[in-house]
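Look at the two complexes coming up: subunit A is in both, with subunit B in one and subunit C in the other.
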Partner chain A sequence: MQLSEPTTAAAADTRVARRLRTAAAVLFASLPAIARAADSGTASDAPANQLDFSGLLYGEASRVAVIEPIAKLTHRFANGQSLSGQLGIDGITGASPTGALPSGKVTTVTSASGNVTTSAADQIPTTKFNDIRASFDADYAVPVGTLFKSTLGGHFSREKDYQSTGANAQFALDVLQRLSTITVGGGFNHDTSFPTGGTHAPFTDGTTVLTTDPQGKDVTTWMVGLSRVVTRRLLVGANVSGTNEKGYLTEPYKVLSVVDTDGYPVSTLTEKRPDTRTRKSVLGSAVYHLADDVLYLSYRRYWDDWDIRSHTIDVRYRHELGADTWWEPHVRYYAQSEARFHTWGFAQGAALPQYATSDYRLGKLNTLTLGLMYGFHLLDYPGTFTIRGEYMSQFGETHPEGAVGVQKSYSLMPGLSIGSLTAGYSIGW
Partner chain B sequence: MTREGALLVARFMAMASPCEVLLETRDDAAGERALLAAAQEATRIEHKYSRYRSDSVTNAVQQTSGTDVEVDEETSGLLDFAAQAHDVSGGRFDLTTGALRRCWTFDGRQVTPDVDAIRDALTHVGWSRVQWRRPRLTLPAGMELDFGGIGKEYAVDRVAAIMTAHVAAPCLVNFGGDLFASGPRGDGVPWSIGIEDPGAPTCILTQELALTRGGVATSGDARRFAMVEGRRLGHVLDPRTGWPVTGAPRSVTVVAATCLEAGTLATIALLHGSGAREFLQAQAATFTLLD
Partner chain C sequence: MKTRRAVGVILLAAAAASLSSCAAMSVKPWDRDLLAQPKMRFQPLPMVHAVDNHIYFSKEGSMGGDDVSGGGCGCN
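Right after this comes the complex of A and B.
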């Protein structure tokens, strides 16, 4: 071994080595306790405050336009707890399908706001509306030790004829060398709707007012999830969740058409839905880190006791361009079967079922979403900017079985194109 | 993370080097927890001091261009250390040689140094031009701060401390040849460290070193040199002249109490050129040289 050992070189000037040793000792002694650094990712190097701001512009071709600014402020306390508050405003204007069939002639429809719309012969009747919704959400996260974290949340939103109040709690526990996390959560929401002009009796022409009292809906939710770090690059997760709704679940402004033997509408009837709904879903997801890029995959299977079944596949790929700039393409495909009581309308004289709706959202439906996000930093400005554009194409059952007469020649669920543009800005300090 | 006999091993890439942490324990749960924390800490330091990340401290300081900026405690500690090393090495050790590095290409080819460019670059080099009064730093416009010379060694020491805080088991941290051993292995024997000949095309261990506790760092890279008028000049740049040091050993390996001291001593030794051996002997250092 040729290693030169520190011979006691008599007149050696060991000044350099001695001063370096002292300087290193001073450096390591001056640093925050190791135990805190070991828990990095919690309190130590995360910014104490974070502000996220986004503005969404959303448009359905010739139907609805939405503008939605959202601001969220999060503060992390030195003890690791954090509090966040989010304020959102939605401004919605536009027209929404009433559920009625194309008239084959001119139709007039009374809207929630008392206006009158006129529809062309083959046009799906819509009703105009405009509304502003304000919402406030708050979350309080409390870590207990290093393995357990609880989060409590509250929600309130209000618009002209609808109000929602809710609370939720979530508990997460790290297990198996902190490589796995079990999450259990639950929530309760009480919603109240105040239909303009009162609540109409079901299956009537809409002139019989059942009550002018507000209508309530209680929603309870639960979820159980498990996530696992499989390798340094791969994170997988699965969760099961359920929702129970009870109360007034009918859409107060939706109607169904009654047609004569030639298919021409002779009247419209208000819809009727069950007053309970039980929904369940299973979600599987994976995040894979490549050298710089990240791939996100998820699949969701949903079913409820209104017999709606759906599949959702979601794929995102974050491609890093360096210097904290990235592209993120997004593809989502959604396919849904129709509710058991969804129907195109009624033939005149036919017996009425227990429940019925023509709301296209409860019908057979497919949507394809294509999106692209660009994230970047501006030199000399702190924070991260994002711009996201999404295009959604919705298509359903255009010629349902059982349609009568002239209705067979119309597309009862015309394809719908929706575009949205979101600008975001996040800054931590 | 894998188990290799008595050792639990984590391997990952950080700071452009292959990194390895060996832990001699039978407790898989505690061991994996410690190794995970170790890898996180390495990544944290890399991100914080990388020249290539826009959110790093290095870049934040760079963008102040001439105005003073307050830096955090950890960065202050590193700057204090660097200031001491600059002072005690007579200006040889310097974190601000960035402008100079662009004047030279050490890929073995014949070069004609651009004397004017070097003289120009030297006006943007030198720790003495930097105003450092903890915690405020002023880096003159055009100057660059580079923690590359001490960042990896510092990370090795920090990661070793994190391992020790997590588990009372012998451990060896090795980030691209810069090492720290926390104590003898379970059977009382030292860790065996091979020293690679940097000139050899494949991994040839020229020497073996027994390390019980402390840091080891190697400086020098014989593959990086330039030919100037038939003379072979190594890649070690003297910030005082702007030229490569002549006669420096191909590699210097130093053993010290911490990896940071070992690395700094090795770098300063290389900057002594042909006087490297004498310098290390005078410092009563434990070292090995490859000429």
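Right after this comes the complex of A and C.
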């Protein structure tokens, strides 16, 4: 690896770096002895075993909090094949918007599981919830010759009211003196939703149970990709991918408000979404090696038959400090249009449409993400450590066209601030 | 239709440029020291990337782009 000596700017970071190292030493002191005793490894060293660990702390202002530890173990066989298993646990708690409008008075909402939430007059009503999600993923990679590699994968996850089971396959072929790689992949997931209290009939007040049977959803994914070495320092790639979803795609706990002529909510109705969705996207990526630093760029264009269109730009810059230590700032900007059946709510007496939702995630939405990662090695501990903090800001259409009466004075999509802290550790032996 | 046509043109142009690039042919195997570094992958830290994708999937209306693995979630 060609790395320069630490720069003056790098030297100025020494105090911060020392504190982060100390914090990391405390954080990872409880790692298994095998990991501490093992030697450091990189992908080019191709160690026989690799352990990757990640821990996420995630918090939304006045809403959801998540803690998510993930561990992945990979074993590479002598014949070049590899097998990996990954286990993840999500602990989720907090409050989520119901989809209802501000009431103009204090509102109390009781969820299907019995949780009670009180909202102020101008607040978007939310309902409390908590859940634990456990997931297991496995991958088996089989190289054929030196130019072809196939990877087979499986997935299973389970939470209180949702289960997902899936399999996928991906094939990569190096061509043109190994300067280009063609990738083709596909996957299938069968998901099952079993809402607490049963599945409610659409466009009802939530007391009519349609069925207590689980609701299924099949998801088929495909992808074609091409990556290309352009120069000694530049790698570019393009992916085209699509997803077909079929089955129960409605969010079972979301509702819409019905308002009177003055805009005051008089009732709520359960939402209804189509039972199919076709998504497509094109992703362009580039990685450029400067003297020591590396610049990562990507742009994704996404569209689906619910009429959501989005642009995503992602930029990261890895600034080397020397001795496998680096800073990596991250900026991401995302902008989407609204689904054709997204609405603020209903006017009392108006005819109901075929589909409708007030879920802000299907409305006009922007997300700005700013992050900073610090990657390093510890003197007495092998492996690579990373610590990253990120701030996300979501903002959308606060005063949608068509809002009635008092609702015009409320922000129907208040901005959401999200903070996250991710710690990672990788070691090979 | 305009979007699809534009995407098709971009992809064809990218594929043609990729497969016919003369500059790339000059990158000999012994010149690939930089490209061989783990940090020269599109996603050098796949686990962090997967965590990010899970967050974005749960908070936005779009998904996908670079992977076919991973499972569903009741979060969206």
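Everything below uses one rule, namely that the second predicted complex is superposed on the first by the 383 of 429 C-alpha atoms of A that agree within 3 Å, B and C clash if a C-alpha of one lies under 4 Å from a C-alpha of the other, contacts with A are read in each partner's own complex, and residues count from 1 in each chain.
Keep this in mind: a residue touches a chain if its C-beta (ideal position, glycine included) is under 8 Å from a C-beta of that chain, and two chains touch if they have at least 3 such contacts.
Owing to the predicted nature of the structure, the values given are computational and were not obtained by experimental measurement.
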Contacts of A:357 with subunit B and subunit C, given as first, second, both or neither: neither
Greater residue coverage of subunit A in the superposed arrangement, subunit B or subunit C: C
Partner chain(s) touched by A:377 [first = subunit B, second = subunit C, both, neither]: first
Which superposed partner A:179 touches (first subunit B, second subunit C, both, neither): both
Which of subunit B and subunit C A:215 touches, first, second, both or neither: neither
Partner chain(s) touched by A:162 [first = subunit B, second = subunit C, both, neither]: second
First, second, both or neither for A:68, with subunit B first and subunit C second: second
Residues on subunit A lying within both footprints (that of subunit B and that of subunit C): 1-2, 177-179, 232
Subunit A - residues contacting subunit B, complex: 1-9, 12-17, 19-24, 26-28, 30-32, 34-35, 37-38, 40-41, 45, 177-179, 232, 322-324, 377, 379-380
Subunit C contact footprint on subunit A (complex, rising order): 1-2, 42-44, 52, 54, 56, 58, 68, 70, 72, 92, 131, 133, 135, 137, 139, 153, 155-157, 159, 161-162, 164-166, 168-170, 176-180, 185-187, 189, 191, 193, 217, 219, 221-223, 225-233, 235-243, 251, 279, 281-285, 287, 289, 294, 296, 298, 300-304, 306, 308-310, 312, 318, 334, 336, 339, 361-362, 365, 367, 373, 386, 388, 392, 394, 418, 420, 422, 424, 426
In the complex, subunit B residues that touch subunit A: 12, 28-29, 32-33, 36-37, 39-41, 44, 52-55, 63, 73-74, 76-78, 80-81, 84-85, 88-89, 154, 157-158, 161-162, 164-166, 207-209, 255-258, 260-261, 264-265, 268, 279-289
Touching residues (chain side subunit C, partner subunit A) in the complex: 3, 7, 10-11, 14-15, 18-19, 21, 23-27, 29, 31-42, 45, 47-48, 50-51, 55-56, 59-76
